[in-house]
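Shared between the two complexes below is chain A, which has chain B as its partner in the first and chain C in the second.
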Partner chain A sequence: MEHKDRIRMNIGPVHPAMHGVLKLILDVEGDTVVKAEPEIGFLHRASEKIAEMRYFSNYYPIMDKLDYVSALNMEILYASTVEKAAGITISERATYMRTIMAEIQRIMSHLIFIGSLGEDFGNLTSFIWALRERELLMTIVEKISGGRLAPMYMCNGGMFYDFPEGIDKDILEALDKIENKVKHEYSAVFTKNQIFLSRTKGIGIMTKDMIKRYGITGPIARASGINRDLRKVSPYLAYDKVDFDVPVEENGDTYSRFIVRLNEILESIKIIRQCLKQLPAGNYKTAVPWIIRIPKKDTFVKQESSRGEMGIFLVTDGSDKPYRLKLRSPTFFAIRALEELLVNVKVADAFVIVASIDPVMGEVDR
Partner chain B sequence: MIFDYVYSIVSRFVFSPLSYIISFIIIAILAVIVTAFIPVFIGWVDRKYSARIQSRYGPVYVGPFGLLQNFADLTKMLGKRFIATNIDVLAFNFTPIVVATSSFAMLLLLPLGAPGLEFISIPYSLLFVYTLLAISPLLLLVAGWGENNKYALIGGFRGAAQIISYELALIIVLSSVALLSGSYSIPAIVAGQSSIWYGLYLPVTLLIFIISGLAIIEREPFDVPEASQELQAGWKVEYSGIRYGFFLIGDYVRVTVIAMLVTYLFLGGWLGPVLPGVLWFIIKAAIVLMIILTPRWIFGRPRIDQLIKFGWNWLLPLAILNLILVELFVVL
Partner chain C sequence: MENLSEKLIKEFNGKLDAIKGQNNLNIVALKNKKLIKKLSWEIKNYFDILYTLTVVDYSPVFELNYVFSNYENDDILIVKVNLDEKDLSIDSITDIFDSANWEEREAYDLFGIKFNGHPDLRRILLPEDWPGHPLRKSFEINDEVRHWTGLDLKF
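Let's look at the complex of A and B:
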């Protein structure tokens, strides 16, 4: 059926405002979207298949490139899965170090989200400010692991290296700066900026029912009033030994999704500070041979990554490689909801809503 | 008027008909220098200023403090290949030329800091400047149509809708100032402010003027027609090379023109104690320019329907109320 006054816009995979290589096919009448169709698969690299051809220790670089905005979370998840399957226990120091790294990565990921949300409705300053703050942590990750975007820091049984001398002072300093900026400076561009409020409040509302239908988790679900955070529900690493709150908003609009993530940054800062205070001495790594064999069994581990519940289903058959590795990625489910979310919104809002989902295509396409 | 001044000097040395032509050429060269210098310099100011806000350096390498960066960019644009296909050639090439010439004409109509220091002097210069500002919806529609691109077409429609909504408020505000001073010529308006600046007892008018002025020149946050995020570059999407360069120059000229108009209409132009008039004018215009440049880096972009609603529901009624009040004031 051809409608006379309907324009079909192919947005992406190389549109400047698209996140990664997401493609949106929008049918537009005037300035209103009447039908939206997200198209994925442009970044499909057969990550799951590659796992079947690699030793358990050699898959970490591929995990880095799944959700490349929060690579350390991916690494920790894979390490936990292999360790659970092989029955390796890691030292207490290693759990604390992993918690610190996971939260540093979460802050970095949320800063990227905040920046790109601002950038998507035309405020370039917010993006550059967020990247400026992220750079502080990036430098710390570089000092610790040697890498920046894909750090390659985790390994079976712990970490490749211990924290360098005096890094806790650097981390605390960076956290103080970020906390100050997020609490005071960001209000000018975000929370007290009338244009930002008018562009985000009441836009792209996700109901609780919708969240459940699509299986959406993480900050998006928490913005719709679903109080579920794996760090609280089934604590892993050192999360049961630290005190933190789970930010929950009720409205489910773009603004709530922003506020949830903004508050999560502050909570993560709280967690890192406690972890640094409690950080025990000891081994950072349990000695594990490079090539390990895992007996025949199924293992499923899920953790709270920056975008929601990321899970790995690992099937082993007694060999030195996985028989099958299945990834459960949070944004894959969230992107499906765009089809429903983007109907009857203005074209300009469509981009803000996509940004509020915070998709990383590496993780969606796998 | 500059022409008379140049002519009086030239005619001392050369015969009458020839001197007329020579002074005409000198004026033309001067006009080109002035109109080329102003946008490039303002562009540099904008780039440096935004860099300071965003903790960057801005242009550094070309020339002292990167002053010549914009010249380098324009030179680069001259060498770009023309890549647009399936376009309406006439409509496509019409827009950049008209944007550039109309912007330059605005600059030539306004006195540059002192009475008589304008290239073209006519008694209705203010109205003429407004007319040149107000032809942009036509240009956007023509460009959006000529580019044969969906983004450009949507951008063109958005632009026309936006500018038409804010034009009315602008002309009403201009009329209320003209009503107060009894003239549409800028020297007369400035002379009318010798006792008190209009901006001081018409602050609302000043605000309406700045907002609708920014909306008409599509300066962010009112850059909905070219929305670089959703529409890529809106009605400019297919333009490249020096045609795009014309738009850039035109944009900065328009920003300058709005800053100058604010200074003339509301802040007393070249009037001020002690210092010479030109200096006063430059100080005031620079402050206004900085204020006008700031919103781009703090605010996002409102949605097109919010923008148009704001224009019709708030700005226009306020401008009309303002006009009525001024009229009452003048009559009484």
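Let's look at the complex of A and C:
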């Protein structure tokens, strides 16, 4: 090696500070990273191959385990794809119910992000606070679907069950609590905390050009000044019937990525409240046979998941199983940016930057 | 969008075909795989990123679906290229669309398609000594694969 004081560090795939099973190969000189190489694939479970062996209705449990922090978003995306390919229309009530579930899941996912970001520089309070708020919604998801992490709630044509009696009161109560905490209490550990500010402001800056070069979408792109949210650009479900803003920040540093997601929680709360008010009566499910056959065609559907734009490219050939199912995952593109993002930062900051990407390896490795 | 695919088809006279929109997708089929780089430079004027690259195994033909997208609106363009089983190689478009880098590595990993001129064509999801390319329809899930431990991997 040319430089005598250069050391190669292998961090992960199993490391307490790493998110999931991401592996980073860092070349460090002293305390500064000079070269970074992310390595993925340690959680590869052949989801795309499994899809070719299962009926369309039997793939939902696998979608749950892709992005296991926002499982409902994944289920809704898959349901939308199959319904678009097969020409199934769902009732208006079902679209509203799906919007509510998607936004509940988005809040839960962003709370996990907020907690783990704080925890990565030793602020354990933030993690426990965020998980305390998440538990309120977890309980609601459990009441509605029976599951917590992998709810298995969606099916072709709608949902498996209707909302239980009086759940809207529970949801509104939980949302009030979360809104109160996020608006008034979180400033103590985040936005007014000097340690948090000095560890996140100006760290890991992503420029607009970099975002476009790597093809990054979602909250990370919005933190760098790119105003693009599929819920606004091409509204699906009931997003065109509710009023909400898309939070955009200009700086592109770790702090911006945090603020964007914090504000998105508040926007999601707004969306759920409006949806509950407008929730129409009717069928929660269109009757669809368990085994369906879809004629030969290509279908491409993309939706805004908690981490960016998730897409499915579905190729069908007239049989009762997909011929090919390709998952376009947003973090797969974002992780690659680490090789540029981590250069010339301190090793301690590298972990904060990785946390600010909010990777869930289940979705990256598929 | 309609205009773009028409314009492209006119420019590549005879080499590019329109495919009637299924589900309102904009799909064009490229007949000669050697023109993929030229077409990509044209597309670069309208689209920012390679959104995803899907390979479909219709043995003996492999179909590549390049999905392009941009940040301004909702438009997507799908370019289909057919590769023959005997010559599974195509020019890499990483120098035009940088976001294609890992997508092409994934296509190489799971289907064994060679991208000429790719800066770092290694396996990405599977270990380096994995036998075969698992997303091909001919890939057999046998005991060797099922109980694979990876002990031969050199660190």
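Convention: the second predicted complex is superposed on the first by the 365 of 366 C-alpha atoms of A that agree within 3 Å, B and C clash if a C-alpha of one lies under 4 Å from a C-alpha of the other, contacts with A are read in each partner's own complex, and residues count from 1 in each chain.
One rule holds in what follows: a contact is a pair of C-beta atoms (placed from the backbone, for glycine too) under 8 Å apart; a residue touches a chain by one contact, two chains touch by 3 or more.
These numbers were taken from a predicted model, which means no experiment stands behind them.
Once both complexes are superposed on chain A, the partners chain B and chain C fit side by side without clashing.
When the two structures are aligned on the shared chain, A:Ala17 is found in touch with chain B, with no touch to chain C. Residue contacts after overlaying the shared chain place A:Tyr60 against neither chain B nor chain C.
Contacts of A:Asp349 after superposition: chain B is touched, whereas chain C is not reached. When both complexes are overlaid on chain A, the residue A:Thr299 reaches chain C alone and has no touch with chain B. Contacts of A:Gly118 after superposition: chain B is touched, whereas chain C is not reached.
Touch criterion not met for A:Tyr186: it reaches neither chain B nor chain C. Within the superposed three-chain model, A:Phe333 lies in touch with chain C and out of touch with chain B [touch as defined at top]. Closest approach of chain B to chain C, taken over C-alpha atoms in the A-based superposition, is 18 Å. Those residues of chain A that touch chain B in the complex are listed here as 7, 9, 15-17, 28, 31, 118-126, 128-129, 132, 188-189, 193, 195-196, 198-199, 346-351. On the side of chain B, the complex with chain A involves touching residues 50, 53-56, 150-151, 153-154, 158, 220-221, 223-224, 227-232, 297-306. Against chain A, the residues of chain C that register as touching in their complex are 22-23, 25, 27, 48-52, 54, 56-57, 65, 67, 71, 73-74, 76, 78, 97-99, 101-102, 110, 123-127, 134-135. Touching chain C in their complex are the following residues of chain A: 40-41, 44, 46, 48-49, 84-85, 212-215, 221, 226, 228, 230, 233-234, 297-300, 302, 311, 313, 315, 323-324, 326, 328, 332-333, 336, 365-366.
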